[in-house]
């Protein structure tokens, strides 16, 4: 049986352009072949790829989101603006950009817990959290977060009481969601920078609480 | 909620059992051979019984059974009436009931109504009347599209039905099995029951084709 | 369960590929697997509904990439492992571990035809009167059980009309999970295509599904 | 498209597998594949919606087994092949054909940081007033487009409440298929978990989706 990567959708405008008739080879080899082909044709600059990789390996990551959260914890005006107009509030920090143009921040409280997912693909606020972890992009999380959020949270070690309202946000458009976690108790003496160190990526997706484990809180 | 019922554990436990496939050869021929000899070793199967089942479905049970029912309904109006009102009893008259076809419903195609049978959830099929289902009947393309786009599916089988014809898709979700009674083609008045039976195809009894003379 | 097997209404699986003069089996192993399914001794909990559920529990990527009789292989192996009748080592080696008991009650070849004739009757008497009458409007419940069910996702929450009543039948949702046959009235419900798929669907067409009484509510 | 990518509410995929201290790229090629698709020269008119649509055209079984960046690689190949920017032969050999001309306008390394902070977004001014207001009850339409859409199956036909309005946004259903931006008002709609999943769901829980005006009707 001829092997194709494409599912031959019936939508009239997409005839798979793929010419492969064999099982796809190792993606490392395919990537290498594509990069050298594109370089030869002047369609990509390998140094630009280096710069892109470096940006997400070293510069753009959850520390950005943590700064936003810590600022909101210490500055009630900033927090008010963040919840009203997150895009405008975050613009002042210079974090807007690719996969983070239009931000919505949702606040966790003792009564409300927010959880972010993208059931259809893997939308995620890159500009604030960097590239998403593998589990966020994989089928188990995408399938279950909307139908069984409490089961998912329990799997991440977060058992919520029945009195808590769980709000799931399925990122179907270009809005990107960031959870503003609750500030942990006993952190009144910490500076903004120290607070930022308590804020994890998972807390800003909504599958964990901020600083909870490190603080040894219940 | 129900997400935490025992069946959740079921799927977790099963996922563990399925890890074995990483250590087994991909070629099913090798795996099935190993399974058969293991089952034989343990007295859980008699290879001669496997032969007998294969022979049953290869040679003794197939669409010729369904075609007999259809041809009889075409030539015998009383039988046709019985078939449409109680297919199980009418098919029992011909001694053609059996496993995966003990409770039958016959669906009559007319110039105004076209019936089509599918099993979206697995591959339920009237085995005693049609034999083993063809691969396409059991595969994702047919199972996914027959209920959503039956007209497109029928066109793919070369059957372009006019807009005014009502299409009824029957999704076999229970142990009821459906047999389509196709329209008798014109110009077959001179044929006897046995000759008519030779015209009736498996696809016509699933509902993806018409019978032609 | 809302598993990969629940294919009704999905796009993306490509064209239907009928084969001309398709043989009963594409390879000898398929025939052997059919014979094993029909003729081998199964763990007692594996009834027809459990068997279907076992197939639904095949990992989704294997469900989509492996062929039909391979599904049977994977399901049967999983049942053997779960019941403790086999160890993973035995499955891998194809040989029984030394010292195990050998049974002598497997189906005999001469029993095959009779088994084919008589097996698989799932109608059962139920004491209660049917809740719905032919012609009545009903709604399929919006339920999402994680176990076995025969209520496809595409009809859930949709309104249809009772077309046929079949009397009592074994209830798969219970029978697949060792909860007995728990028979219920079974109906065929006709759903207009526009109810199922929206206003782009044909106004003339309908899809019927066989649904148990507890799947339904008056509409 | 009702394809495998529309995973919301499905069972059978097993446990979520978080990794400790996961790095952005698990292997070097992942970063290269990701970088190619980000900084390469695209054919004119290519949109993020086309990107998502192409990912949805991956064969369902491969969608489930291929890693995220392997899927990106597939998208990059599809984009370039369908635009005629490379040929299948060139791709197979990893070498440009002698006849092809070399462009010199691809993104430079020193432009990457600005590209990552470019403010171009999908918001578009709209002259017409929004049809719905916050607090209004709406129903997501029951529709089954064969092309790209951002209305997941699990929400179709279900009622919810508008919780916010975001102004005009590019409509993915049009933009993925070369039909321009066709902007529409975008809303966040809250659906009670019980409306989506039935009485077994938690009474306090809800799911929010960002939905375009043509996906909605008054409830």
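To keep things simple, chains are lettered A, B, C and D as they appear, and every chain counts its residues starting from 1.
By our rule, contacts are C-beta pairs under 8 Å (C-beta built on N, C-alpha and C of every residue); 3 or more make two chains touch, one makes a residue touch a chain.
A quick note: this is a predicted structure, and the numbers were derived from the prediction, not measured.
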item: Chain pair with more C-beta contacts, B-D versus B-C; value: B-C
item: Most remote chain, CA-based centroid, reference being chain B; value: A
item: Where chain A and chain B are represented by their mean Cα positions, the distance between them in whole Å; value: 47
item: Distance from chain C to chain B - Cα centre to Cα centre, in angstrom; value: 13
item: Centroid spacing, where centroids are CA-atom means, of chain A and chain C in whole angstrom; value: 39
item: Residues of chain C whose C-beta touches two or more other chains; value: 1-2, 9-15, 57, 59-60, 64, 143-144, 146, 196-197
item: Junction residues of chain B - those touching two or more other chains; value: 1-3, 11, 15, 140, 148
item: Multi-chain contact residues (two or more partners), chain A; value: 7, 9-10, 139, 147
item: For the chain C and chain D complex, residues of the former touching the latter; value: 1-4, 9-14, 56-57, 59-61, 64-65, 141-144, 146, 153, 156-158, 196-201
item: Touch list for chain D against partner chain A, complex; value: 1, 3, 5-11, 13-19, 22-29, 31-36, 38-41, 48, 52-60, 62, 64, 66-70, 73-74, 76-78, 80-82, 85-96, 100, 102-113, 115-123, 146-147, 150-152, 154, 164, 166, 169-170, 172, 177-178, 186, 188, 190, 193, 196-197, 201-202, 204-212
item: Residue ranges of chain B touching chain D (in the complex, touch as defined); value: 1-3, 11-12, 15, 140, 148
item: In the complex with chain D, residue positions of chain A that touch it; value: 4-7, 9-11, 13-14, 16-20, 27-28, 30-38, 40-45, 47-53, 55-57, 60-61, 94, 96-98, 101-102, 104, 119-122, 127, 130-131, 133-135, 137-147, 149-150, 152, 155-156, 162-175, 202
item: Residue numbers on chain C that touch chain B, as the complex places them; value: 1, 5-19, 22, 24-29, 31-36, 38-41, 48, 52-55, 57-59, 62, 64, 66-70, 73-74, 76-78, 81-82, 85-86, 88, 90-96, 100, 102-113, 115-123, 143-148, 150-152, 154, 164, 166, 169-170, 172, 177, 186, 188, 190, 196-197, 202, 204-212
